[in-house]
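What follows is a group of structures, each given as structure tokens.
Same chain, two partners: subunit A is paired with subunit B first, then with subunit C.
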Partner chain A sequence: MDDPAYGVCTCRGKKRRGLVETLVFGLIGAENHSLEAETTSGLQGVLQGFDPRIKVVALLTLIIAAVSTQRLTVLAMMFALATGLAVISKIRIVRLFRQVWLGVLVFSGIIVLPAVFIVPGEAIAHLPVVGWAITLQGVRSAAFVIGRAETAATLSLLLVLTTPWPHVLKALSSLGVPAAVVAVLGMTYRYIFVLMQSALQMAEARQSRLIGPLDGPARRALMMTMIGTLLSKTLALGSDVHAAMVARGYRGEVRLLDDFRTKPADWVFLLAALGIAATIIGARL
Partner chain B sequence: MSGTAFDFQDVAYAYRAHRALDGVSFSVQLGERVALLGANGSGKSTLLRMMDALCFASGGMATALGAPLSEKAFEDEAANFAFRRRVGLVFQNPDVQLFNPTVLDELAFGPLQLGWDKAKVKAAIEATLQRFNIAHLRDRPPHRLSGGEKKRVAIASVIITEPDVLLLDEPTAALDPKSRAELVAFLAHGLGEGRTVVIATHDLDIIEDVAERTIVLQEGKVAADGRTLDILHDIDLLRQTHLVFEHHHSHGQGHGHDHPHGLHGHIHRG
Partner chain C sequence: MHIPDGYLSPSTCAATFAMAAPFWYVASRKVKSRLHTKLVPLMAVVSAFSFVVMMFNLPLPGGTTGHAVGLAIAAIVLGPWAAVLSISIALLIQAVFFGDGGITAIGANCLNMAIVGPFVAYFVYQALAGRSELTSVRRVVAAGVAGYVGINAAALLAAIEFGIQPMLFHDATGAPLYAPYPLAIAVPAMMAGHLAIAGIAEAVAGAGLVAVLQRTEPELLDLTASHPATAGRWRETRALWFGLGLIMLLSPLGLLAAGTAWGEWGAADFADPAVRQEIAAASGNVAPPEGIPAGLERLSSVWSAPIPDYAPSFLKNEHLGYILSAVMGSGLVLLVFAGIGALRDRRSPTV
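Right, the complex of A and B next:
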């Protein structure tokens, strides 16, 4: 009965995840990330207590300051500030490492790796075998890119992890972002879960009927079928949602209820962020 | 309240080649409670969408609250606005209806689109949260709610604007028995007097409680129109329109008997 014809997996050793299993695990992981984000935004941390509008402006200002700095030491201080904000907002460093730092390091690292060799300057080491020179200026350039990306990503994630997504949307709306953009962002977030649920159910239904490993073409065909079905469901859902909006008086312009209140602490945080940015940009630090 | 809420005469509608409604004629008076009863694919949902001016008849004449239900009439912003203020539709699938990020935003959506001022909207939200016993859900995203909670929020999001006419599409679909019983009790006693209610369903068990009149649809045509109790006792009509089926019960020890059966229970001959 070990014959694949009978549908029994004949693989040995560490079991490889199939396409459907990978998809199922990925969807469950995405759902879990979202649940965790909703949980952290409800914690009694420092950033969680600020008015979302102030938080959006202040964190955006700090991001601009971080990407504008000309000195690695200042960039390191901005990164330390972002990490400190995470700590006092009860965001676990392990989580930041797994969710942001590692991914950004790998992604931006691959992009800037050639710069270490290409940028002309003082050679500080040579690669064995090929003998390529690693330049000080190249390493500095790479460190700037990676440092800016890590700091900006950390500050952005802090906004999402310490603010319920609906409040981020309301804050954007009250800061003058067009209602249509806010509505699209809101509905994308809202319906991504409905579609994820749908994709998960399709993947599980398929998984429950699979009795053996699929070969490459069959896996690709399965993926294409699932994408097509999901797209068609998306179109039907989109049309129904529009009808539901029209039924409740929607005439092309979304109106939102905005009931935020600012406190003195919000203004202190905003002024501090503006002060840091003004110093870095003004003094060309 | 007197007058005609809906008047449909020989109305037709087709999805490409498929005729969803064919020569449908009936009228609904203001304050009346009517059930649209029919098996899957009988045209109930299409008719309900037409009554809410989300699609328009391709043949025949349809009016709502004294005004024509036509695409041309609804191009007029004022007419559209006046209609939306008075007619509300609860969709069958709450995931379609609940498109806002939180329950509170969901309740605020309708009143804000209808131009209510924010103080009035906030007061209406608080009253509705209490009325539907959903205050604890106010900041929850709708996609995290249970099926029963979603349905309650969906109905609350329409009722908040206090429409004169309430249309409900399969309100008890996919609900557990407790949620279903609570919803039926609300539809029977919680909607207040004088409101026109049209409920599309194939759930025979609820219509006696929620509607005094029933229109039976079959393959896009009106198969019967009469008092709900009379319709429920017409087993031949229900069998012919696929709303009941012959069912064999075994009561152990080899004893058994056949009788008509609806979705949720026995139908006993009057």
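Right, the complex of A and C next:
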């Protein structure tokens, strides 16, 4: 009842964000993520220099290899490889830690922590006081989940941080993804930021008109009104964009330019990634 | 509920992708047939909306907050097939660009949140909303229940995907290679959070949005209300139904009519002297042919009516027989038209 709808307030000595402010921070965070990705994709790193098509296939292959491995040592090597690729691509470790490693560790850690006690197997230690047995199988299982999640998330982020989104889309098109799907993906990405701006403006406009805290039902009504208004704006935007496209000659056929050229280094990178994946999956490592 | 990489085995990821693929194919065909050139721009902005709406944290009863997936909203406003596409695209961008959900688990996440969730929500909404008015409270309640049931159906499927992992995939020491909890733990653990928090967030989002649209743009709710009862379909047609019932009850009045209906003679009537006299009287005293006409005799055996002369064999009372025949005949006619209506709806399905 005392929670504000906006602003950082001191409530019983604890600083808390209001709902609208949480939304504003989330929207700004997503926009910042996009801007930072565009910045890092322009750096002169190793991954930035590879052909986007090769990069998409190679990194996806490495992700599948990381998810497929059955040995923790191999998983650790894959994680080291992902980290090494980040370093030679001028992606700062602090950034990876902040953006991926910490979040995945906390999220997956909470989920798999009980597994070290629950998964039956050989007891390797006991928890003080309560005496619960920590099993080898439980620890290995938790390590597998966290290791795979960290490695795959790092490789996924490397793709985004070293490749402009339009190039990722062009690469998908070159790899056989239907042009209409690629076009929708590209436009969706663009309009996410348009709608985010719209949501941001709505949130700020509402925030500037509030003079006191709102109770729970009022805050729910505020959020639902914003979502409803955003939906109306979305559908109106869809009609406007469609009319603009038709006015420019769009007749339902999507054509995308594909001007990528591969270099020998691209093929070396691809062969290396495929070799690693084939070894891990083929030898059941 | 966004499953990250590493929780599901590659074979599970491949299987869920294979299960999702036909839905994507059918959805793209259905949506494209309805939208034509509008497909790309509309899907793009609606997918963007699905993405952005997941960033809205909703205050829930009890003091906590949760974010909705928006699967009920998309299914109610756009229909289940368009919801499949728009939520799938939003999930793909979330996975690739924002790292929310795994790239290898994209098939599983789409199957749970973009296919099963919206379809369950859509059918629950349609079943509960029925033909109520677009602005009725019943639709608000239906949307809330649809969101709640839809997100929990998606969560249950995700829990099953998690729960089968330790049954199928172990390393040499017996340690689970992927999600470590069996079904007995995964299902209650997953469902507790969704039944208590995420489901309520989805219910609040679904009901709240329908309530807002009812006030601002009720026509948006009309897109999936295939038979909207803006003026009350029952009120429009109830006089006809009462009239039909009355006519059925009065159908035994036909027994009062004397003579025969001209031209409705059977083969046996030509052999019956009394009926022959009636035929002659009804035909301007022109005598009928001596024998049974050859064509009439041949064709009369092609079909034997199950209830000849509106007199079911199991009923002794001919008045009740007439009424029962009227009910059965009217019911058959209604069934035929209901079938034609269903066929027509299938040819122009809801997107």
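In the analysis below, the second predicted complex is superposed on the first by the 267 of 285 C-alpha atoms of A that agree within 3 Å, B and C clash if a C-alpha of one lies under 4 Å from a C-alpha of the other, contacts with A are read in each partner's own complex, and residues count from 1 in each chain.
Please note the rule applied: a contact is a pair of C-beta atoms (placed from the backbone, for glycine too) under 8 Å apart; a residue touches a chain by one contact, two chains touch by 3 or more.
Remember, it's a predicted structure, so these values are computed and weren't measured experimentally.
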Which partner reaches more residues of subunit A (counting touched residues only), subunit B or subunit C: C
Which of subunit B and subunit C A:Y191 touches, first, second, both or neither: both
Subunit B versus subunit C as contact partner of A:A247, first or second or both or neither: first
Touching partner for A:P166 - first (subunit B), second (subunit C), both, neither: first
Touching partner for A:L237 - first (subunit B), second (subunit C), both, neither: both
First, second, both or neither for A:G45, with subunit B first and subunit C second: neither
On subunit A, the residue positions that both subunit B and subunit C contact, one per complex: 165, 186-187, 189-191, 194, 237, 241, 245-246, 250-251, 254
Interfacial residue positions of subunit B with respect to subunit A in the complex: 49, 52, 54, 77, 80-81, 84-85, 88-89, 91, 93, 95-97, 99-102, 104-105, 108-110, 112-114, 118, 121-122, 139, 141-143, 157-158, 161
Residue ranges of subunit C in contact with subunit A within the complex: 4-7, 9-10, 13, 28, 36-49, 51-53, 55-59, 61, 63, 65, 73, 77, 85, 89-90, 92-93, 95-99, 102-104, 166, 171-181, 185, 204-205, 208-209, 211-213, 216-217, 220
Partner subunit B, residues of subunit A touching it in the complex: 38, 164-166, 169, 186-187, 189-191, 193-194, 237, 240-241, 243-251, 254-257, 259
Contacting residues of subunit A [partner subunit C, same complex]: 3, 19, 22-23, 26-27, 30, 33-34, 37, 60, 63-64, 66-68, 70-71, 99-100, 104, 107-108, 112, 114-115, 118-119, 121-122, 136-138, 140-142, 144-149, 151-153, 156-157, 159-160, 165, 168, 180, 183-192, 194-196, 199, 216, 219-221, 223-232, 234-235, 237-239, 241-242, 245-246, 250-252, 254
